[in-house]
Amino acid sequence: MRKLEEVLQDWEAVIGLEIHAELTTLDTKMFCGCKLEFGAEPNTHTCPVCLGMPGALPVPNRAAIESIVLAGLATNCDIEKHSMFYRKTYMYPDMSKNYQTTQGPVAFCMRGHLDLDVDGAAAKERIDLEGLEVGESRGNVTRTADGYTAHVGITRIHMEEDAGKMVHIGGGEGRIAGATHSLVDYNRAGTPLTELVTEPDLRTPEEARLFMQKLRQVYLALGISDCSMEEGSMRCDGNVSLRRRGAKEFGVKTELKNMNSFKNLHDGLAYEICRQAEVLEEGGQIFQETRHWDPSKKRTIVMRVKETADDYRLFPDPDLAPYVLTDEWIDSVRAKLPELPDQKAARFEDVFGLSAYDARHLVEHRETADFFEVCMELAGGDAAKLAKPVANLVINDVTAYLNAADGVALADTSLTPARALELVRLQAEDAISSKQAKEVFAAVLDEDKDPAAIVEERGMKQVSDTGAIEAVIDAVLAANPDKVAQYQGGKTGLIGFFVGQCMKEMRGQGNPKLINELLVKKLG
Amino acid sequence: MTQYLTEHDVRGIAEYARIGLSSDEVAQMTTDLNAIIDSLAPITEYNLEGVQPTFHPIGGLSNVMREDVEEPSFTQEIALENAPKRQDGCFLVPSILGEGGDR
Amino acid sequence: MAAATERVFACMGVRDIQIGLAAREFSAREVAEASLARVHALDGATHAYLETTEQLAFKAAARVDAAVAADDLTACGPLAGVPVAFKDNMNLEGAHTTCSSAMLANYVSPFTATCVARTLEAGGIPLGKLNMDEFAFGSSTETSAFGPTRNPWDLARVPGGSSGGSAAAVAAGLATVTLGSDTGGSIRQPGSFCGTVALKPTYGVVSRYGVVAFGSSLDQVGPFTRSVEDAAYALNAIAGRDALDCTSQAVDTDFTANLADGVRGMRIGVVPAFMEAKGLTPEVKAKVEEAAEHLRALGADIVEVELPNAQAAMSAYYVLGPCEAFSNLARFDSVRYGYCDPGHKDLGSQYEASRAKGFGPEACRRIMLGSYLLSAGVYDRYYYPAQQVRTLITQDYASAYEQVDCILAPVAPRTSFAFGEVSDPTDMYLSDMFTISINIAGNGGMSMPVGLGAETQLPVGVQLISPQFKDENMLRVAAALETVYGPAPVAPAFAPGQPYPEGSMVDIPDAADAVPGVDLPGLLTAEGSFGVAHQASSAAQRGLSERLGNAEAAPSQVEKAGE
């Protein structure tokens, strides 16, 4: 199989996503008062309603409706004033009524969009933007200084209920294939579930990954879901088809399941794009089918071939009252909207003078954005001056540390905003070098001590005393007359050698910037 | 009488509804369903242009909801009490793919 | 004690029972014991009951007796000490809820329906659960998997259906109040066949929570009684908003309030098209006309009204009902509860065999029909137009009620028929030709007994139809008719003092092999033979235990009426 970059030269991938998110921050289920809790003993969070007992009737959770309207408002959707719940019939043991209560043609939220900022390496998968000037648009993308912005349409977000969980016994690794029987636990059945469907506006696996990431940031900011891909409270299916570059017609699409991490979403789609290209290039045909991404084998496998469209016998649920939302009510929900990541990034640019890139990456995670904000509060009058170095520390060092320390929350580390700020100040005031700063950063996390104390303990004070430095420089130059001659003969690259020698003499504590300046002066 | 459904159609419907019918039952069901569907003809002959449907018999019924407040749940024992087959606190079903496909 | 043994409580009305209790002429415990004994003695003839609930009855009686001891009987509620029973599609925690289906033969309810809970909160003494057409699909109670109920007026005839057991129990004096459910006529038609007051309230008046659904937009629960006043008491007990049913409505009417007002000045409609309908027998027609004459004589204006779209109600009903039933019955899949055919290695064959054997032929027909009517392409041809027709029928009633306060109509085209007499499904469906449009529009309707048909000498009811949420109108008209016809009598063969009803062992075709291939539990014969002894746990949601006080430990064993 060819590589993705090569495939995308010849083919355009058309990707749409269906993203399910459970409203895990609510206390109870969608249609009954059973507690929402992950990991409880099987079937202990059940009642007549979520077990689908004969005679039980559903009553919708008001907070769930508010949550989905919040999601709609945050993703620029129109909130439909008139909608209903429908019954979608399919007999499967994890669905206790054998129909899912969901929405029909009209969902609570319709016709929204999110704008994706794609930069750095992620922008490289998009190869069709050559010749586009910054600020110029083509299709749904606009060129930016460090990449591009993609406008991704959201078809709808509808409200439904999750199914129960099944464990398959007797097959390999808990897989359904080969299982002799399965066990059903309905604790999850009836969990409020939102389904967002995008337009087929995505063109690269990176865009798909970034969309999912951005939606997750939005939902986390709204506080409507814990968005745990690991526990399955946020899940993503993808629809992929290919067409030749320049072609207008869509190709046959496959549906991709089990992409339960950002990496799997990217890699699954990338594999499927390459697989489809190979099939088509060999003269084969793509079938409309559901495929399962197997991350361990790094391939997608067929789950089911769809010969005809599914017929779910959809009809309005007579047990549930229709919805008539008023402007007043929608406005009252709108008033509860918190600051969203995009708004926060804009504010960071505005108030602290950060670059768009820095602001965008700071708000990628709520905890880093909040951490940055506390630092700025502590900085007081120096906020504007220290914003950039604090942002750098957070985006680079802190993020790298958290990524390496898989799953650790920033709040659980010994790096407090006060310590981070102290570290940045020490460096800004030339008390320590950038190299020393890295050492102090690591020591703060390892030893749970303040940066100043570490600097003191290790005798790390940076020497910025001109007289002391000049004395060292003189000694170094005197010891290396041949190198001085070479430098003066035009080999100015030797400046690094001299700086290194001076630093060595000063046991790493000299201010490199100052040493450099004074060296140039003396040698010149 | 109009033949709305063939025995083949009826077999398809039975499969969808998950009701296993014998050949005799399919034949009888085909006769019965065709007679019933024939009696529904008035519905298809009405001029209903511009008439709104009434999905809920109580006019003006809307926005009926509950607060997000926890209610007691069943114990596992009661949840499983009527289960024909159970194991490890769960409802047990035989092989799902034995039938030849996932949903 | 002497007084107690002379009285047949289940043949008494609500008020008389409460007067006797308050005067301490007898205790609620005696009411419970004597009524259950009567059921055990006589129900072999009618087979109205599928199960008796001794423990729950004695517990309820203890609560009433405690209230009497505290001189506070009214605190118990409007049905204090009244023998009641429930159609077997209503959940009662600790008892079976079979829907007269092999599918649910072993099912024990872990929760209680709101209408049942309210009846018990009102002080009713639960005698047991009542036979019905399987899942309420039918008009004769012949489709019960446990054998049909016999009409107390003629044991060779059907009681009507689907709430046949509920009607027969009241007609035979085996309960004072029973509850039934009505999707297309299932309360009113058996009420007419058995000669009882039978009331289907406006859709939304009584909560459907815990009542096994047939057609969710059509189903409504209502009482069977022998007097209009008792029906009003029962409706007072069960009506009103329930947080567990989105479609239930707040009701603050006292349905007994206007019973004595008479009909002077009331405008009562008759529908000429109904009176000329093909299939309406002369004796039933004559009874409706006679009732109209009586009402005119009592001072009502009789006004002709048109319901131009009512003739489409039948086809709309046989679209909407099966579609909703198909969906509501999808949950019976052998996994969480219900019949599970043994020995299957894959789920698909377990599904198909369990549903084929668990459901009777009529249930299968309705499920299949609904599945077809909701399928892609077909939906737009039947389901959607049927909901549009519903709009037209609702508008018809709305315009009619601009002219009248209540409508008088036939209930069923004829009196009770013999077992096996009506076998073609589409012929059976005609039983509901005058009742269905009321469910489609969601109005209130009731059957009021007006004596025996001239030709068949069997009970005839006339139908009174109220505007939505004006159920008091039809009760007021019914009370006026009652001044002419008197309260409904207990069927002669079951009247107090009669010997054991003759002819009770008439052969009923096909009753024995109603459910081929399924081994039914001892519902028909054994006593206390159920495999599951349900403990009403305090943790069980919406349990009855607290509401019924702490008279005794939880009901431990469900018992069954022997035959």
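The first chain written gets the first letter, and so on, giving A, B and C; residue counts start at 1 in each chain.
In this text, a residue touches a chain if its C-beta (ideal position, glycine included) is under 8 Å from a C-beta of that chain, and two chains touch if they have at least 3 such contacts.
Computed from a predicted structure; not experimentally measured.
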{"item": "Interface with more contacting C-beta pairs, comparing B-C to A-C", "value": "B-C"}
{"item": "Chain whose mean Cα position lies farthest from chain B", "value": "A"}
{"item": "Chain A and chain B, separation of their C-alpha mean positions in angstrom", "value": "41"}
{"item": "Inter-centroid spacing, chain C versus chain B (mean Cα positions, whole Å)", "value": "24"}
{"item": "Mean-CA-position distance for chain C and chain A (Å)", "value": "58"}
{"item": "Per-residue multi-chain contacts in chain C, two or more chains", "value": "107, 110, 217, 243, 246-247, 326, 333, 335-337, 345, 347, 351, 371, 375, 541"}
{"item": "Residue numbers of chain A (touch at least two other chains)", "value": "47, 51, 59-60, 91, 93, 180, 184, 186, 311, 318, 320-321"}
{"item": "Residue numbers of chain B (touch at least two other chains)", "value": "16, 18, 55-56, 61, 64, 66, 71-75, 79, 91, 93-97"}
{"item": "Chain C - residues contacting chain A, complex", "value": "89-91, 97, 99, 104, 107, 110-111, 113, 208-213, 215-217, 243-247, 323-324, 326-327, 330-333, 335-337, 345, 347, 351, 371, 374-376, 379, 383, 541-542"}
{"item": "Residue numbers on chain B that touch chain C, as the complex places them", "value": "5, 9-10, 13-14, 16-21, 29, 32-33, 35-37, 39-44, 46, 48, 51-59, 61, 64, 66, 71-75, 77-79, 81-85, 91, 93-100"}
{"item": "Contact set on chain A toward chain B in their complex", "value": "26-28, 32-35, 41-47, 51, 59-65, 84, 90-93, 166-168, 170, 176-186, 290, 303-304, 311, 316, 318, 320-325"}
{"item": "Parts of chain A lying in touch with chain C, wherever the complex brings them together", "value": "47-48, 51-60, 87, 89, 91, 93, 96-99, 180, 184, 186, 309, 311, 313-315, 317-321"}
{"item": "Touching residues on chain B, where the partner in the complex is chain A", "value": "16, 18, 55-56, 61-76, 79-80, 87-97, 101-103"}
